[in-house]
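In order of appearance the chains are A, B and C, and numbering begins at 1 in each one.
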Amino acid sequence: MTVPPEHALLALDVVGIFVFAISGGLVGIRARLDLFGIAVLAWVTGLGGGIIRDVFLGDVPPVGISNPWYAATVLAAGVVVVLLLPRLRELRRRNPDVRLGYITRLVKYLDAVGLAVFAVSGAAKAVELGAPPLACVFVGGITAVGGGALRDVLVGQVPEVLRREVYAVPAVLGAVLVVVADAFDVLGLPVLVLAAVSVFVVRVAAITLDLNVPTPRQTGANP
Amino acid sequence: MTVPPEHALLALDVVGIFVFAISGGLVGIRARLDLFGIAVLAWVTGLGGGIIRDVFLGDVPPVGISNPWYAATVLAAGVVVVLLLPRLRELRRRNPDVRLGYITRLVKYLDAVGLAVFAVSGAAKAVELGAPPLACVFVGGITAVGGGALRDVLVGQVPEVLRREVYAVPAVLGAVLVVVADAFDVLGLPVLVLAAVSVFVVRVAAITLDLNVPTPRQTGANP
Amino acid sequence: MTVPPEHALLALDVVGIFVFAISGGLVGIRARLDLFGIAVLAWVTGLGGGIIRDVFLGDVPPVGISNPWYAATVLAAGVVVVLLLPRLRELRRRNPDVRLGYITRLVKYLDAVGLAVFAVSGAAKAVELGAPPLACVFVGGITAVGGGALRDVLVGQVPEVLRREVYAVPAVLGAVLVVVADAFDVLGLPVLVLAAVSVFVVRVAAITLDLNVPTPRQTGANP
């Protein structure tokens, strides 16, 4: 079994943590939290998925709370968010009708990046720790959607993963790619990157085309 | 110590996962989620309790994400939910004033079944893994209420277990029955089934008789 | 490395569980839950932080569900809450304009005590189990805020830790004190108590002075 190198997983995690932490910070701003609330939400969003992954895989304490690089990444994301504030204000003064929608869209794209890298890193770490294939797929999916789901629940929103959009599916597909690649013994950095890019492309396509899966709305409204 | 056979636990889990997954799917319909959101909610509701149980018992990765039978059970439940849709629509056309209340009642009874089998399987697995008696009782209760609580929190509701009804109590009683049976060395399939049936009967009695525990409502309203 | 004695940790935990359980019960009353709902919320609030701590440290089953003293502490807290009810009613009759604000304030101060002892016990247990320094700090902070966060999410509120107040910071500072004390090999009961008192003082100062951290409210409102 070709095991993806530690540093490949670390790199993927750092990218995912960074973008998810920023998305968490932006949601915190939108929710009118104070700076510490924003910091906590950024931390939960950035590290939540990986922490759930490690707990499910029995790799405790989770690297999310023990690896200084991860904490540093969240801090860096926090700085970026604070630096973004004036620009968001500026943007809004120029274009009043942007409003909250701007953050919402930005968060969607940041989530797409985090979704992609965490789905892959989650599945790859599960493979590395010798979890059964099905578990690897589930762990990849949970790692990808976990942080965002925690973020949304904490601010009282129904998580993105439950809302009307193709969200969990690309994550699961990315995890499946990793597991299949491992089965064919070709799991390495190239495959990891390829899988992550695939997830990202599918997710962004879903956002831009506003691609939605069928909804039993009529029925849902009635019974 | 008489250890309940693996397949007894598996059977209990499958039943619980099936009914909880259906309840999760129905709540997803009621919450107007799309098909994937419904699938995710069914998955969380069906497997959540068992996953929490396994994490608390250190049995990772949780069988909920590693056992194909469990995943298949959730899929089967999903199919049932989709097949139920037209019938719910039909029913509503015949009887307009049924509305959402219908799903709410159905969910209550499905939860009663899941509550019963998960309370027993949770406690039995804890006993099997040699956890202390008190932990076995708590694990049984948490396994029983965990999935439904996650489901409700995800769609922004206060969990059933906190609402005005006898819900957690029968689960805890069922778990106690299992622990006591183990203490008397008579823990086997018959006892497991008996305990599950007891939980179900008590819970259904609470629903049908609308049996409520005293509520400090007046006081709660005031201070 | 001077390891804090088991009984010191147990004492800290019992104090934290007691006050957090009471705060959970009070929030349950405010949320108009029935007696069992109140009991469940008290249980989750009192034991939640420690359970998360133990899961993160791999100490399963968590002492919160296996140690009879902990369960007894929650029960005692429940009795106190029930005994408090008439007095809350009385108080309200005397002073109608107190209303819910009274419980809210009381919960804040109880949380301050729990925050202090759990931050310290969480960090100390992590140190004791040989977790890396950074993990000890995080575990301390999570142990301190976890129970209250679960409580708030369950009743549909945005957790205190995200709201406009100095909350997580003193907890993290207390955890840092413990880790530093361990590094200097002076970690013992005196230091644990000193650290807990420090957290409590800072948190209460924040409450009484209504000390807030800067909030990007304007910006938050706009983009």
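Following the convention adopted for this analysis, a residue touches a chain if its C-beta (ideal position, glycine included) is under 8 Å from a C-beta of that chain, and two chains touch if they have at least 3 such contacts.
Worth saying up front: this structure is predicted, and the values here are computed from it rather than measured.
Visitor: Regarding the subunit B and subunit C pair, does the interface count as same (over half of residue numbers shared) or different (under half shared)?
Guide: Counting which numbers both chains contribute, under half are shared, so the two copies meet through different residues.
Visitor: Quick one: superpose subunit A on subunit B by CA and send over the rotation angle as a multiple of 5°.
Guide: The two chains, subunit A and subunit B, differ by a rotation of 120 degrees.
Visitor: Averaged over CA atoms, how far is the centre of subunit B from the centre of subunit C? Could you give it in whole Å?
Guide: The answer is 29 Å.
Visitor: Going by the contact rule already set, what residues in subunit A reach two or more other chains?
Guide: Touching at least two other chains: 55, 58, 153, 156.
Visitor: Under the touch definition given earlier, write down the residues of subunit C that touch subunit B in their complex.
Guide: 28-38, 40-41, 51, 55, 58, 60-62, 65-68, 71, 85-86, 88-89, 91-92, 98-100, 102-103, 153-156
Visitor: Touching residues of subunit B toward subunit C in the complex: what are they?
Guide: 55-58, 126, 131-132, 134-135, 138-139, 142, 149, 153, 156-159, 161-169, 212-223
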